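Letters A, B and C mark the chains as written, and numbering starts fresh at 1 in each.
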């Protein structure tokens, strides 16, 4: 768990981060969004002390980060930046081994860990371990960047626009992969982005920043249904709002008893996708199937729409 | 972020300069006195080298400039301090020569010594640092250069330095000085002009015909690697043979020794930077720009003249700068094979162990290269601005 | 490298070695150039010992320049030395307008004739390209790479030795190569101030009007320089490849 308490950073008379407090639970993903210059990156960089706070403090599992030597602190926190900053003169394996080597792990343990991570990120060790960064595609570089950050099993991962350099198709896949890996490892993640879709897709909670201040820190649903300020409302997008809300709600919520004609919808899917299928098939309702293919009920356009607006 | 400083806010570079000035003032002789041209000299400290009041004034000015360097961060103020310092010591060294030379003695030699050179170095460093931090534009830099040369010319013409040893060397050979100066410029600029005439078209050819590029650049690279004396020597042989075999060539002044092999060698050395930078310059012209020009119906010739050459001009000029500075320096070596130039004085000076004679050849060479570098840097920047 | 270029290099090296060890074998080739029964092959000292002292002074001076220039380059790019960075850049610029001969000539009255002034000139002039390249090598390391290194908890020392210097190494090596080539040439001129070296052969030829001396001296010096330049370029490319960079085209 990390607790950010009244964190402030000033450069001369300019305040870049203004009295921000928030808490990220163990194993959760917190996404910080905002326009460029809002202070998101500075907030992130104060967590691993790449930027020293002017005031306030950060606690990681109850321990004040100022009591830990800087480098030691950073060994324990994974860090991924836009463009990744892979070391061009080191192979993929050497890049991933960076922090374990700094920590003095034995070479066998390092080799085993590198292979484990390469497998986890679907990079065949036999093919990729000895390659240099310039020989990788953008998506592969991104995966190596994340693998490198996870090498020493940090409990916390900081990510600054980690998907910013990827094109749309690869980005969606990379986001899914990250979610899967995060669920598996239980790593706590703080991620900075300016992409609202990314925030809604990844965030357990979303922190909205503007002009150095934290405007709202809440779950995605809350952000949509109870925006704290006009700015938040505009940022989440009044046009996309209902669809984002539907995408956050599972099919289960609008499940009705009975049956219907047509291609069944998976129970694990979300309401946005269900609506999309309904519109496309031109039907009022479609059957819903559980993971075993058993029809458990149906879903209708009217039932879905009721979930696309804030509860009265 | 600057770390917090405690106590006096000392500027690190300024402090080093201040220490240099302190050493120069307190621990090093200001001028050297020699009974005649050849004997070894003895140092004279600032206090002995000038009338008491003048010495005190120079000391005060230099000391003040040192303090300013250490304490003041404003580059304009530092520049002013450096210039005041130079304005104090330059005339002072000339005055010292008059002061120390016994009247009616034409053998005694006074030359600037370690202290003077250290002070000059300190003030020059301070001025250079301030000018760098001021980020002057190209015209301002040219004006500064002109001012500096004007000031030195004024000192020379006023006769303020006539008592100094180096100017006595000049006085006894003023005719040959200007002859060698012309020869030096002829060698450096003539070879540059020839290299431009050949190198620019060759560069364009290399740009067009990829197959030629690697071979030509590699050959020029090999030439560039050969030490100057060796290349001069290697060229003497075929030129000598040519002169012996053909009276016509000999009539044109082509001989084994002298200016011909030097000029040819400098020309060959010049080719690599010019050809390589022409290729580089043309290569970095964005393909879309050339494509757009083609799309608007510009002919190959029009594209070259109106688009490609103007856009690659800064890089080509950078090549010419390299060549000019390099040639002005290398032309000194030409004297070894009878090619003349300022090197004549340098090698004569080495032969006679007369440092003033060496300096008579070396200082103008350095001044020329320095001026050439500044002028062409400014031209490159102007070309960049207009391209 | 093609078989042809390996062959030419090997042949050039072989010829050079034979000539240095047994120059008399080539006397027949130089005889037509002599007049008045002058010797065809340099006879005032062995070519081998001249070559060795030539190389010794170049290697010694280059090592000294490398140590000093790299240390200075590191210093002015650390936080403590940043105040010196702008000036050191302009100094390098100005320094390169000094012809090496001027440095050599000015050193003579200060330290006397012989190897000393040559060593000083070689050392001082050799500093410039190495310092300049160390600077550009260190400053062109991507800020992203350094940010990542810092974010992973590398200390300033670890960043310097594990990231910055390895990444700057190819550029620094290029500087050393330039420095060696300039030094080989300046050492040749050093013979005018009585430093032992291959320039002696050419100077002797100039003084006694013996074209054969000039030609053989010129050939040996030229071949030596070209081969050394070539060897260093190959080494540079090998290092660049080991450091995971596609081999740069030589310029």
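Annotations for the structure displayed:
The criterion applied here is as follows: a contact is a pair of C-beta atoms (placed from the backbone, for glycine too) under 8 Å apart; a residue touches a chain by one contact, two chains touch by 3 or more.
Values in this document were obtained by computation on a predicted structure and should not be read as measured data.
If each chain is drawn as a node and touching chains are joined, the picture is a simple open line. Centroid distances built from C-alpha atoms place A farthest away from chain C. In whole angstrom, the spacing between the mean C-alpha positions of chain A and chain C is 54.
Spacing of chain A relative to chain B, judged by their CA centroids, is 60 angstrom. Between chain B and chain C the centroid-to-centroid distance comes to 22 Å (mean Cα coordinates, whole Å). Partner chain B is touched in their complex by these residues of chain C: 33, 79-80, 83-84, 86-87, 89-91, 93-94, 96-102, 105-106, 108-109, 181, 184-185, 188-189, 192-193, 199, 202-203, 205-206, 211, 214-215, 217-219, 221-222, 225-226, 229, 250-251.
Listing the residues of chain C that touch chain A in their complex gives 142, 144-155, 158, 163, 166-167, 243-246. Those residues of chain B whose C-beta lies close enough to touch chain C in the complex are 3, 11-13, 125, 128-129, 131-133, 217-218, 221-222, 225-234, 236-237, 240, 256, 276, 325, 328-330, 332-333, 336-337, 343, 346-347, 349-350, 353, 355, 358-359, 361-362, 365-366, 369-370, 372-373.
Listing the residues of chain A that touch chain C in their complex gives 48, 50, 70-75, 79, 81, 83-91, 98-99, 102, 132-134, 148-149, 158.
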